Amino acid sequence: MNRRVRKFLVMNGPNLNMLGVREPGIYGVQTLDDINRDIERLATELGVAVDFYQSNSEGQLIDRLQAAIKDCDGVILNAGAYTHYSIALRDAIASVPLPVIEVHLSNIHARESFRSTSVIAPVVAGQIAGLGAIGYELALRALCVR
Amino acid sequence: MNRRVRKFLVMNGPNLNMLGVREPGIYGVQTLDDINRDIERLATELGVAVDFYQSNSEGQLIDRLQAAIKDCDGVILNAGAYTHYSIALRDAIASVPLPVIEVHLSNIHARESFRSTSVIAPVVAGQIAGLGAIGYELALRALCVR
Amino acid sequence: MNRRVRKFLVMNGPNLNMLGVREPGIYGVQTLDDINRDIERLATELGVAVDFYQSNSEGQLIDRLQAAIKDCDGVILNAGAYTHYSIALRDAIASVPLPVIEVHLSNIHARESFRSTSVIAPVVAGQIAGLGAIGYELALRALCVR
Amino acid sequence: MNRRVRKFLVMNGPNLNMLGVREPGIYGVQTLDDINRDIERLATELGVAVDFYQSNSEGQLIDRLQAAIKDCDGVILNAGAYTHYSIALRDAIASVPLPVIEVHLSNIHARESFRSTSVIAPVVAGQIAGLGAIGYELALRALCVR
Amino acid sequence: MNRRVRKFLVMNGPNLNMLGVREPGIYGVQTLDDINRDIERLATELGVAVDFYQSNSEGQLIDRLQAAIKDCDGVILNAGAYTHYSIALRDAIASVPLPVIEVHLSNIHARESFRSTSVIAPVVAGQIAGLGAIGYELALRALCVR
Amino acid sequence: MNRRVRKFLVMNGPNLNMLGVREPGIYGVQTLDDINRDIERLATELGVAVDFYQSNSEGQLIDRLQAAIKDCDGVILNAGAYTHYSIALRDAIASVPLPVIEVHLSNIHARESFRSTSVIAPVVAGQIAGLGAIGYELALRALCVR
Amino acid sequence: MNRRVRKFLVMNGPNLNMLGVREPGIYGVQTLDDINRDIERLATELGVAVDFYQSNSEGQLIDRLQAAIKDCDGVILNAGAYTHYSIALRDAIASVPLPVIEVHLSNIHARESFRSTSVIAPVVAGQIAGLGAIGYELALRALCVR
Amino acid sequence: MNRRVRKFLVMNGPNLNMLGVREPGIYGVQTLDDINRDIERLATELGVAVDFYQSNSEGQLIDRLQAAIKDCDGVILNAGAYTHYSIALRDAIASVPLPVIEVHLSNIHARESFRSTSVIAPVVAGQIAGLGAIGYELALRALCVR
Amino acid sequence: MNRRVRKFLVMNGPNLNMLGVREPGIYGVQTLDDINRDIERLATELGVAVDFYQSNSEGQLIDRLQAAIKDCDGVILNAGAYTHYSIALRDAIASVPLPVIEVHLSNIHARESFRSTSVIAPVVAGQIAGLGAIGYELALRALCVR
Amino acid sequence: MNRRVRKFLVMNGPNLNMLGVREPGIYGVQTLDDINRDIERLATELGVAVDFYQSNSEGQLIDRLQAAIKDCDGVILNAGAYTHYSIALRDAIASVPLPVIEVHLSNIHARESFRSTSVIAPVVAGQIAGLGAIGYELALRALCVR
Amino acid sequence: MNRRVRKFLVMNGPNLNMLGVREPGIYGVQTLDDINRDIERLATELGVAVDFYQSNSEGQLIDRLQAAIKDCDGVILNAGAYTHYSIALRDAIASVPLPVIEVHLSNIHARESFRSTSVIAPVVAGQIAGLGAIGYELALRALCVR
Amino acid sequence: MNRRVRKFLVMNGPNLNMLGVREPGIYGVQTLDDINRDIERLATELGVAVDFYQSNSEGQLIDRLQAAIKDCDGVILNAGAYTHYSIALRDAIASVPLPVIEVHLSNIHARESFRSTSVIAPVVAGQIAGLGAIGYELALRALCVR
């Protein structure tokens, strides 16, 4: 009997669809599609599948995360600004029996003080921040070795 | 002339669709459908109608609450995590001329400290917390005697 | 062998003996005796006994609560102002192996900000607030179904 | 070559669709349609176009704001309750290369203390508050002279 | 028909029975009896009656204050340490339809910082502090001219 | 040898010249001249002299207070809004070797929370608040018995 | 009978006499005289009179504001740094029965955090901030339509 | 001439009469009587007398402490929950010219954060916490060597 | 061509005219004139001119500081109590293109906690505190070597 | 087989080598050597061994504490100022499987407010404070009876 | 000419030498040597060199970090408890022109609240937390791709 | 008998050995050796001796400060980052009977907010900040005139 290939959800929150457009001094010139292509390439190399999702809506992110129970083995989540106040997203993470790794492109601790608070941090498996787009790839590696 | 049967909206917020799945140690093993069935049974007993709505989206919860002006006589609301920060939901409650009773399954004061703050509490008619699913039924009784 | 009828203690704290006198705009015109009569009526209907106690003294409330271990199956407690600072009462609640339900007549969250803090909330079984005298009756129902 | 007429987006957030209904003591008796008609009249006078959008959903407001990059020259935004906590909306404002003017009908500093905090204020071009529906018109004038 | 002589209650809280003994550097060498004698003398001069009460117990102070409704026209209250945290006493003051003047012997603002907070201050008619035993007499004069 | 008659300075700060005009619901209908006339009458009765000064300027109030060293035996000070933040005035009070009694017409503890803080309170001889214009007279009596 | 032309006071606080000199990166190169000339031009257009006043002194600003009761129909006030702590100015605004509109040239919310607090905001009719010198003109328009 | 044997008061506050019953995981299985017997045994060994008192009432604890002036040479005080807020008890301790040693059975710093604050700590001679019932004995030894 | 001698303004704020009179335990017995004479002597030695100014008025201090642009090369400022809250003075310092050195006679960090905050500190060139009158002389030396 | 004599480490942190020199008003005139001699004497009496260590270096204190695993049965620790902020020392205490008793010579709650916080308190077995050098001896007794 | 192999410093702070010993429930059973061996293996695979350093001393960690300027191309730093308060270490990181990646074995946001604050976070290149020993390896990969 | 030449210790804390290397935009291009040479030159001019010490270790700085009792007459201390949290260093300063002057090269109040707090400030003789390396020389002059 062959077990299916493991699949990981790469989920991006509000305004990350603007990457490459928005404040390139902070976020770099890569678009989200560029980043996802790199992640896909690494996934292939590691022999796992990846699924991508982006939404500006808190409710839709929760919906997708709940659905991941059925089709995913772990989640890489850049919750964008929702990181700082969405207790609803936090509860959703706590309610799904999947490892979730929190990723931030920029060093959230070197910006406005409110960005230092992550309400989801206490319920994720780990965080990777400040390392740019490579952070998603490290998160994927971390999920693969679990 | 016969007056129509009074109807109450039972509205549940984010992640409450995961009841019976999510952290049963805190929320019990009943699903939201189980709970709603019990509420429906009591409604019949009390001679009133009930309508059910659940959404993970803050905007949709507000939309439904605004619509309740036209077809409901009161609202039982478990706003889930939005309880703690959705001032938009609070404003919606304040804007509808209906009694709204806030319900929480668990004792929100015995958990993380941020769960002790309810931004909607100052504008609801009353709160019932910590009594499990029976809380919805007590809320229904309270609405019926108003 | 016949088990004795279950008995619940209805305990009211400081200034609740002034109900019907004090600030009727907030607390209504019913006296505490009026309220207790209604609770007694419901108790009879539910086949349980109730015992009433009121004191303005923190120490006496603790004494009575400790004594309830011997003769009661649960407590309905409106601790009045002690709600907001009596850690001694909180410890007493935690030390008695009985379910205690916290009741407030008014919506404590819609008044002065210090009334939003309940130091006893983390150790009670549940809270009912803002629903007026009916809150005691809902608490009694909740204790009966436990 | 003729340059196209400048267009401005007038965007209203949660519960502003209830204007004229909700708490008229605070917000007045004009409906949102009444206000928009007045804005349209002034726009015609000033030789510019205006587009209107209202939503109760944080995500949809962000979606619309991002889309404004393509078809608008500036934004007049009454974010309602999201003013006070939507960092996601704040990031969206920061990510669009358009002037955004924050408008509030009531004097947000003369109400509940949490309404004094605007998380979007640091990234908008300016604020106009407390002047009622005329505030939108002043904002339109301000955008026209930029 | 002759109206009865007006009577005022002079009520002292915890540890004020130790006056003249306790920390004379702060409170002076007069005993509480000495002070009361002076107050009585002034009352006679002003043609009013005074009644004295001291207790270390929060509950007893509340009991006495509630009873004052029946036999007094106003209250002079030095609540001692209860000034700083007894919300129960505050509620009692708010519930009696009598003017209550708060008196402190020492300047509570020139001592430990927690003594600057008076939880009863918002519900009393006025405060007199830092003027020593003369403060009681000034309070009596103030009650007489109301 | 005959000692000169004792003289006390009655000093009023910003906006107290508007008494009788400004917010009569809070401050009453008496003008500052009315009040001063009453104080003068009592001074005559007590055999002391009084001098009156009002200014909206922090610097002028300090100048006058410093000058009082030469011609006064004590000061009755209603510092108005400067009460809450003028550390300069506080330092001036501390630097003059005269008893200063702080007076407030209204109960500053029953209004906006920032009015509960008096930066001058720790350096005055005593405070009288909430008793209306009679407060000045009580302060005068207190100065006379020192 | 002909009614006199309406007159509005344009009042600027500390350091605004340095406009065009001080930190032009924040405040622009226009001097206060330049700005006042523009306001005067608009006043003429709108058929109203304007009076100008600038002072670095808190007391003088209060004096002028109190005097405005006699000769003005409204006030446009840029209180400069006094915005952030002058409760005396706040009380003066509350005491005059005239609409006062608070104007700030820069976006006070995008600068040092202490500039986000306006102690006068709760008592003014409205605020306009961040729109540069045009803010004064918008304020004038707002006063004219009241 | 023989000097009387020194006597020390061992005073326990609210809920300590429940020792051995209440939360044995935190407080152990010994009852208060067991503990007192051990203290008595040590007292005999050290040649001093001990007196025991327990009350749930703040006022009664203060009454007993004041009375100790006449018949005791020092006090061992476990004030239970009053430790955290009874400023009245603190004042009583400060007013008696006796050394008072504060004892806690459990490590109050390893429990809920509010238990870390002792309002009586600044006025006692010393504290012993976290060492169980042996703490009372160490306190007795400390009093004996003073 | 001969350049004019450099001139520095020595500016003292509220209550510093009371030096030698006020609280000598903190500020020493030298009067302000004594100190200024010593500064003048050092200025002569260093070949520079000094100008002296003292005022109790915040507005006058700002006026003088603004005027210094025309006739001074630097400022030595002991702002007294205005140090702790005068944002207006801070803005004035920021608006003048001159080095300003903040001086305090006493160690402001060893006194009341509110004296530890200097709102002008972020915009001055440097601070010298706690060294007594010699601090002014060190500041003069520092300005000379710039 | 004979079990080795139990040994306890008495560890003193920064500046405790200055005892008898530094602020004798607070810490007494005994030197650390005097104190250690007394502890040694008691150890002999109790039939246990003691080892002494003092260092001003946080790292060396941690090194010594870790080494104690191999040769000690418990630790008496006066961490001096590190008590208030050395989380590293706290982690070291938590990482060694030995009972550690925290000792302070003076009553840390009666001094500067920052001395009331002990970051090591939550992980030690117990605390003894304010009893002077006798505190070490009581700690030794407590370790011996464990 | 051949460039030397890149070398990275792996630096561990206080108590990390206790790994495998200390609280394995939180930190796992691997010793620091085990972890370092795994890092070395990966370094070899990636063609880079690694150097290891551990100290319990804040000063020695700073010394080593400063020395790294001469012989390293980047630093992987698990500062242990110093993460939360060592501003000295933070300054050292800011002073060396090398990328430093902050690593934590456990999820510091899911433990005591003080562990959520990292004073070094604002000056490091990035953070990796909660992923166990694999975090060091991910950090090494991140440094290699820079 | 000839008295020995007075000697002062110039002590620099963590990272100050990196001066001239680290963030020259903030600290200038002079190395610590350059600065010390200038101080030495001034010392010679003033006829006093100076001794220099720098360490990154908190413990070593305390050791050296304690040793200064024997061979120095005063201390010039730039404690670097330890300024902000080393209570151990503060206690060491308090324990040595020598005047200590705190020096900072940069204006610590114009940088990150945590740099505004100096825990050593309350116990030093004075502070000099923001004046660059000249600050050390001013401190030396101040010590010489004491």
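Going in written order, the chains are labelled A, B, C, D, E, F, G, H, I, J, K and L, and every chain counts its residues from 1.
Just so it is clear, a residue touches a chain if its C-beta (ideal position, glycine included) is under 8 Å from a C-beta of that chain, and two chains touch if they have at least 3 such contacts.
What you see is a predicted model, and the numbers here were worked out from it, not measured in a lab.
Enquirer: Any chance you could name the chains that touch chain D and chain G both?
Expert: Expected: no chain.
Enquirer: Call it same or different for chain I and chain L: same when shared residue numbers make up over half of all numbers used at their interface.
Expert: Same-residue interface.
Enquirer: Cα superposition of chain B onto chain G: how big is the rotation, rounded to the nearest 5°?
Expert: With C-alpha atoms aligned, the rotation comes to 120 degrees.
Enquirer: Could you put a whole-Å number on the gap between the CA centroids of chain G and chain K?
Expert: 55
Enquirer: Would you kindly tell me how far, in whole Å, the mean C-alpha position of chain B lies from that of chain A?
Expert: 31
Enquirer: How far is the middle of chain B from the middle of chain H, if each middle is the mean of its Cα atoms, in Å?
Expert: Chain centres of chain B and chain H, defined by C-alpha means, are spaced 48 Å apart.
Enquirer: By the touch rule stated above, which residues of chain B touch at least two different other chains?
Expert: As it turns out, chain B has residues touching two or more other chains at 57-60, 85.
Enquirer: Kindly provide every pair of chains that touch.
Expert: Applying the touch rule to all chain pairs gives A-B, A-D, A-K, B-C, B-D, C-E, C-H, D-G, E-F, E-H, F-G, F-I, G-I, H-J, I-L, J-K, J-L, K-L.
Enquirer: For the complex, give me every residue of chain J touching chain K.
Expert: Its residues touching chain K are 57-60, 62-63, 66, 85-88, 90-92, 94-95, 119.
Enquirer: Quick one: in the complex, what on chain B touches chain C?
Expert: Residues 101, 107, 109-110, 116, 118, 121-131, 134-135, 138, 141-142, 145 of chain B touch chain C in their complex.
Enquirer: Where on chain E is chain H touching in the complex?
Expert: 13-15, 17-18, 21-23, 55-60, 80-82, 84-85, 114
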